[in-house]
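Next come two complexes, and both contain subunit A; in the first it sits with subunit B, in the second with subunit C.
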Partner chain A sequence: MSASAPLRSALGRPAPSARRALRGALVLGLGLSACGDPPKDAAPADDGEEETGEPVERGPAPEVTPGAPALRRLTQSQYENALRDMFAGELYVPTNLEPDNDVEGLLSVGASTTSVSAYGVELYEAAALTVAEQVLASPEAKAALLSCTPTGPDDSTCAAEVLGALARRAWRRPVSAAEVGRLAELVAQIGAAEGSFDAGMVYGVAAVLQSPHFLYRREHGEGTGAVRPVTSVELASRLSFLLWNSIPDEELLAVAESGALLDEAVLEEQARRLLAHDNARRGLRNLFDEVFHLYNLPGINKDPLVFLNADPELGASAREETLLGVEAMVFDDDGDFRDLLTTERAFVDRRLAALYGVAAATPEGFGEVYLPAELGRRGLLGQASFLMLQSHATSSSATKRGVFVRRTLLCQEIPAPPADVDTSIPEADATSPTLRERLQTHLSDPYCASCHQLTDPIGLGFENFDGIGKWRLTENGATIDASGDLDGVAFANAWQMAEVLHDSPLLGPCFTRHVYRYGVGRVENGDELALIGWLNEGFAGTGYSFRELLVDTVLSPGFRNVGELQ
Partner chain B sequence: MRSPLLAPLVAMSLLGACAPAPKAADQAGAAVDSGEAPTCGLPEDDAPGHVFVVQQLGFARVADGVAWGSDLDGVASAAGDGTGCGKPDVVDPEGTPGIDNAFAGLLPALEATEAAAISALLQDSVIAGELLITFELLGLDDTVDDSCVSVVFGEAVGAPLLGTDGQVLAGQSFTRDPADPVVVVEAAQVEGGRLIFDGEFTVGLQILDADLQIPVTNGRVRLDLAPDGSAAVGHLTGGLSVPLMLEEIDKYGIDPAVKDLLRTVLPAVADLSGPDGSCDQLSVVFEFIAVPAFFYGGTD
Partner chain C sequence: MSTSNRWIERFSSLFAPPARGALRRPVAPSPALGRMLAPPPLSASRRGVLRGALGGAAVTVGLPWLELFVGPTARAETTFPVRFGVWNWGNGVRPEQWRPVGEGSGLSWTLSEELAPLINVKEKLAVVTGMAVKVPNYIPHWSGAGGLLTGLDALGDDEDWTVQGPTIDHIVADQIGGATIYKSIEIGLDTNEIFSFTGPNARAPGETDPFTLYERIFGATFREPGEGGIVDPRLGYRRSALDAVMQDVHALQRELGAADRVRLEAHLDGVRALEQRLARLQEDPPDLEACTRPVAPEVSYPDIDGRVQISARAQAMHEVLAMALACDQTRVFNFMLSRPVANLMFPGSPDGHHNLTHDEPSPQPEVHEITVQIITELAYFLERLDSIPEGDGTLLDHAAILCCSEHGEARTHAITDMPIVVAGSAGGRLVNDVHYRSYTDENVGKVVLSLLRAMGVSTPSWGDGDTFTEDGLSAIEV
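Let's turn to the complex of A and B:
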């Protein structure tokens, strides 16, 4: 479907709310433009207020035809979380699994497009057996699992009781008697052969965990037509994986099995219950882990000869700082999401504190500190996570940093450089001591400039931070000029740029889109752009409460329905 | 690990930086009046100080009659002139005569023995977190010229973060050593980026289950501050009591041959007079580089 379809649809609705939806779609549409002039005519932010400043009621959600349902493979983090939620006690979860795929910046979207190789099947089999053996060997885990006392090594009745409950939880749906029977028979046969009920159970548990019903998320919906509701149990999984990044708990599964979850009020009640649970922090962390690609930080390679602070743990610390900040903003403060960019509060361990040049709050773990303005560092883009990830191993990268801002914060499309282009830049010398001079190559060549003019002026704003995020005033002895402009709005340095980005009309819609894609596991179609605009309108209307955005997304027709099966 | 042989020497090395005390504070922080009214005092506000931690520590060596240090006895001695216990002084790289650094003359002899790694062990102690000397400059408004600065000396505890160069990482936070008495030097001055102050130093070092307390008399510390506050290069000069050193050496199972060497050499190289006028003090100069640091939760 073309992008013009939702615009026509929206234009046919004269209500102010629809105009807002249109504006949201426009914002997103502009964001999808290829390299060229920056979107100077971007619509103003949807802030939930009319021009008079009075809050306005948002209209109903636009009617959308969602994209086709996809079969999502559990991501590695979902696999681990699910196992930890299913079994009691300490558990080692193998991580040597089929790798996740990043599609459109999200592993959750990649999970809809990936398959499992023959080797991957072997890895899942080995992992399932490893976990099953641990569970049966651990007194705590075993006691929690076995709800009955086997009468012998081939007690299929007890096996059926145990594995029926386990499969229901793992597969996130009611299980049939035939399915349970097959599992119980497996246990009985192996138990008899081995003379041990537990030995049989190892294979029974492993069978549950190797099943595609566990490894894949089925969200096919029901009924016919272009817009079909997901089933109640499918909705429970969608909800749980969005908010907890794991399988539903017993209460949610029971509500789903009763069919009540299809009721909007019940769905909202469950969404809010899940958000109030500690597991929601885990879910939120995963969302931002994916959006910001923080999972690439542990073990990130930085040249130790260049960066004195680049010890092997720095990447992991940087990841944790960002996630703690997001957690605090969403769950402890329920604040304006955009403040992530401008907050002077940071959560640092002693390693990061040393990098930032502030006193650590505590010798162990992470503590909250405030970054004085004179440090020039604040918000997400002053954090080592962004500054390290969007750099090279030996140096900073204005291009990478600019691309991140455009793509991840503003949802603008920046194509990758053509494969046959030499992307290297000149070495520093007396006439080109700082990156700004060396990047002139990008900007003086019209072929390169079409994209680099969109990224480099932004990225150069972060040049006061080296390739691991340490503050610096000079490069090769020359004073760094970190000034620039973002689509016509000037800034003197990264500190000021944070404010510009905070107020960007593209920021809210962009994160609304991230959440939507993360929730439904695919890229939105043209129809859904209008829905995302509508969701952003709500996001703005709540003062950019991320929690409310999550609830709003869950209740939206795009989350509760799927398109035609293909 | 330090060898038992080197322990006393390392111990002596440590002491200089630990506790200068023209005005010492007790464990509770109460200052002891030195009897001399300072021209300025500790800042009354809670403004954070500039904390430095010694990152690199070693002995200042003499090369061609030149070495960093201080003129502790106020005399520019020449060999056999009857001053300075008959030991010649050196000049510092800036041409200042009368620099006392007799220990530097002893180093080659020590390094020819089992004590060859004495300088490296000193630095190892820093890296291992066994010798984290901190000093905090309070009331420092100008790193070039400031007429009123207070200095708080102390030690920190815990394993330091090391940079990829293997040195104590700049900018990190430390815990003050609760067992180390904080010592305050008031009314120090920064002139031309250099901060000099004197004090009677007292050593407190736990090593090999020994609680060493060795005085370093006539101590003098000189800090050259980088204008941007990013580092401080310093020297600490003082006098070590030869009898006390020998006493400490006797506590350890050191190679008898080395003990004999020290018993012979140390009194012979003593270049400073003790309180009773006898030549039983040995001048020593430590050179160090200090980098910015913090104390957890701030500098207070």
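Let's turn to the complex of A and C:
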């Protein structure tokens, strides 16, 4: 299928409304990237039941020719998780590593294009040695690692047994005799020179951890042709990195090595097993950390002279609140994903409770509280994480908040501001006390307005929350007007906007797209866009169960196949 | 023996095993281990040609690094290594307060308000104003940075962009960085996302922690000149482990598509560089008189009232960097005080830097004040380099440092009237104490080409399309 095919074939049946057809045309590359036009949707619109009133039986998955496979570098969090899963006992994992790279909003996509710098190689070496020395020095970790008792400092047989098992786990695949032999020889030589088997083993373990077989994910499939199945062991990696953000466990690896993972029923069984495991919470947290860029919160720069509630830990607390909320919604409730926008339940520590004006549920850590309507705050966009991240160091930002809603929640493209333009905003004075007046230039100058009309009216809806998310009714003595409309649907304030977004037909497809990109580590092609539309039908059909979306994604042809090697 | 001859002997020993230092190594306990301790291969990884790096032109960087010590213009002071650096900050300047008064050399020009902190090194600067980055200014901040430092426009949008080729620091490092323990050193004061790339999507991240920077260069493996001592056998073990890693990279490369092979090649370059560094650590340290282990920085510099300790961190990092250069641990650096678009809260400032450039009404006194603070940090560093004696001159005399930002005036995202300071004369190859002003928006790439040539990079041109130039800026060339 080409990228210019009409939407109807992309979704397997005619689009039921002209509006949606227009949107579909925009989706498939006919959209205008300049502002002044309707925002370009980068994911197909929700095709759920709202408009026809009846759920529509989903057809078979569209045939797809996925994009070319790319080698994915482990992200920092995958690196850390993998080491923790590989070794027993307490482990200090260095965090000073090659930085991740955000591409198209996701580190997982960036991981498919970046390499490792010279300094990065140095950092990986230092980290590998630090970890290896710890493992050999810790009685618990060492006992778990050494499956045999060395007969001497240069016992290459025992070294081969130990490192063969470790490399299989770290590299997530069967290891050849030549590969093991090389590692064992290294251990034996250094062991002999140092008169210590353990001393040699440090370098053997470090070599396993520095290997590109560990640091990169090869998910390239086999055979020739435009659509090639990912191999059984590669699929195990894909699956566990998607759901656990880490390497496969022994059961998954063993199933994969038998080739059975290519069987759809086995794959589904394993996907559900992984989702039922505690590690899935870690995986889900990482997914939302990436999508919402929550990793930027710890250490976020906020001026305490402007924001009295800003303390150095507030960002980290805000991140945790959002992640706990997602965890609860997906794992404890398995609820309607869209309720993330409107939930009146919040998980706060004392710091956030003070910011929100509620009583903390617990003196230590985080506890669940209910946010009464009169607080004006609910859902994801009432959380400090969003309100802080999409603000400046000393003020809120209607533009940043609006851009987040468009780009991250609705997957619409907002062009970057043009160069060579005077972007200064007037200072507050008697005639323009609130941000709404000060931003008039954005909306009255046609040149600015072409883009800012897409972002600022949404962002101004959050003006009752300052740059760290504290509620306010006035700015510079004037009452804040937080009303607006989102593509024709009016709202009086952020509380109401939450409902508008909850019901937006773009919300479901957008998160389906996030999950797909996160899972395959690439931006979708035209074929895959159709698949994303199909996956979204399933998402809607399950009442927006995020868990089912994950399983559906795993079973889809886009996840189990790759395109031609290029 | 003259200094230059000692240098030649020291490094030619790398070519001819057994090296002098071999005698100090522990006796190899087994023939196999002996291989681990053998002298390093030299420059196995150095790419002879950077294809496409400079606007599609093939650029030969094959000149031996020794050129820069004993070239045809050799004189006493050029027996010291020549260093190159990029020292950059984000969000431009206030052009009317940046521009020096008067033009020409010596007494005919004086420093401006924003350049005033550099008064003690004025005689060692070339200031260039009025020149422009000749790329389409599509991506605010990144077009300017890419056009200036790679000669090519950045590609993408503000959310997702990359460069089309290496930044000048890595082009120079390929030329003069091969003989030192570190081919180049990258530092970011507040973020590792510095504007330093070895190629598209291949950022060279900066070290952000002063103490980690110190430990990296002057930690356990560092030996002062003449310190001698037994070479740590672990250096050899680490090299052996890297041998295994290299074999894995080669094996994996064979299974990949073209783009991934390139990515792994970059990784492999890094492994080779590390292996070579370990090998150099097994050699005798270079002996430069001014080299001493610097005072260690604080272990941490926590933010105060939500603000980064900019000056304390910068000074600590500059001290380590100055000694890294004095001890010839590296000859190339990229120091980024703040990144393009940086919204750092400077001391006394009411808002983040980037916000102020856009939100503060002209003439933007707060932005001006921040620029002065930035140049004050630059002055500290340059004065420090100028305090390190080398022969008849100082380390600064043997360096060329391109000090720059990605915008002229950030308020309008202008990439005309770029702020450019070249510090040091690269051992007499560049003119100092001069202000050159262009009235015709000349291509700033001319300055870059002059610098490349001063560093011995043999290239017929720089840039592509509108940034293309075959001429350097004669006003700064000797």
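Everything below uses one rule, namely that the second predicted complex is superposed on the first by the 511 of 566 C-alpha atoms of A that agree within 3 Å, B and C clash if a C-alpha of one lies under 4 Å from a C-alpha of the other, contacts with A are read in each partner's own complex, and residues count from 1 in each chain.
Here, a contact is a pair of C-beta atoms (placed from the backbone, for glycine too) under 8 Å apart; a residue touches a chain by one contact, two chains touch by 3 or more.
It should be emphasised that the depicted structure is a prediction, and the values quoted were computed from it without experimental measurement.
Asker: Once the shared chain is lined up, is A:Tyr544 touching subunit B (first), subunit C (second), both, or neither of them?
Answerer: Neither: A:Tyr544 stays clear of subunit B and subunit C.
Asker: In the overlaid three-chain picture, which partner chain does A:Leu129 touch, first (subunit B) or second (subunit C), both, or neither?
Answerer: Only subunit C is touched by A:Leu129; subunit B is not.
Asker: A:Pro304 contacts which: subunit B (first), subunit C (second), both, neither?
Answerer: both
Asker: Is A:Ala361 touching anything from subunit B or subunit C once the two structures are fitted on A? First, second, both or neither.
Answerer: first
Asker: For A:Asn101, select first, second, both or neither according to whether it touches subunit B, subunit C, the two together, or no partner.
Answerer: A:Asn101 sits against subunit C, while subunit B stays out of touch.
Asker: Looking only at subunit A, is it subunit B or subunit C that touches more of its residues?
Answerer: C
Asker: Going by the contact definition given at the top, which residues of subunit A touch subunit B in one complex and subunit C in the other?
Answerer: Touching subunit B in the first complex and subunit C in the second, residues 304-305, 310 of subunit A appear in both lists.
Asker: Looking at the complex, which residues from subunit C come into contact with subunit A?
Answerer: Touching subunit A: residues 28-30, 32-33, 36, 137-140, 143, 157-160, 183-184, 186, 192-193, 198, 201-205, 207, 209, 212, 216, 233, 237-238, 240-242, 244-245, 247-249, 252, 255-260, 262-264, 266-267, 269-271, 273-274, 303, 305-308, 343-345, 350-352, 355, 358-362, 411-415 of subunit C.
Asker: Given the complex with subunit A, which residues does subunit B contribute to the contact?
Answerer: Per the touch definition, subunit B meets subunit A at residues 158, 161-165, 169-173, 175, 292, 294-299.
Asker: List the residues on subunit A that touch subunit B in their complex, please.
Answerer: Of all residues in subunit A, those touching subunit B are 304-305, 307-311, 350-351, 353-363.
Asker: What does subunit A use to touch subunit C in their complex?
Answerer: 68-71, 96, 98-99, 101-105, 113-122, 125, 129, 179, 182-183, 185-186, 189-190, 192-194, 203-204, 206-207, 210-213, 216, 218, 220, 299, 301-305, 310, 312, 392-395, 407, 415-427, 565-566
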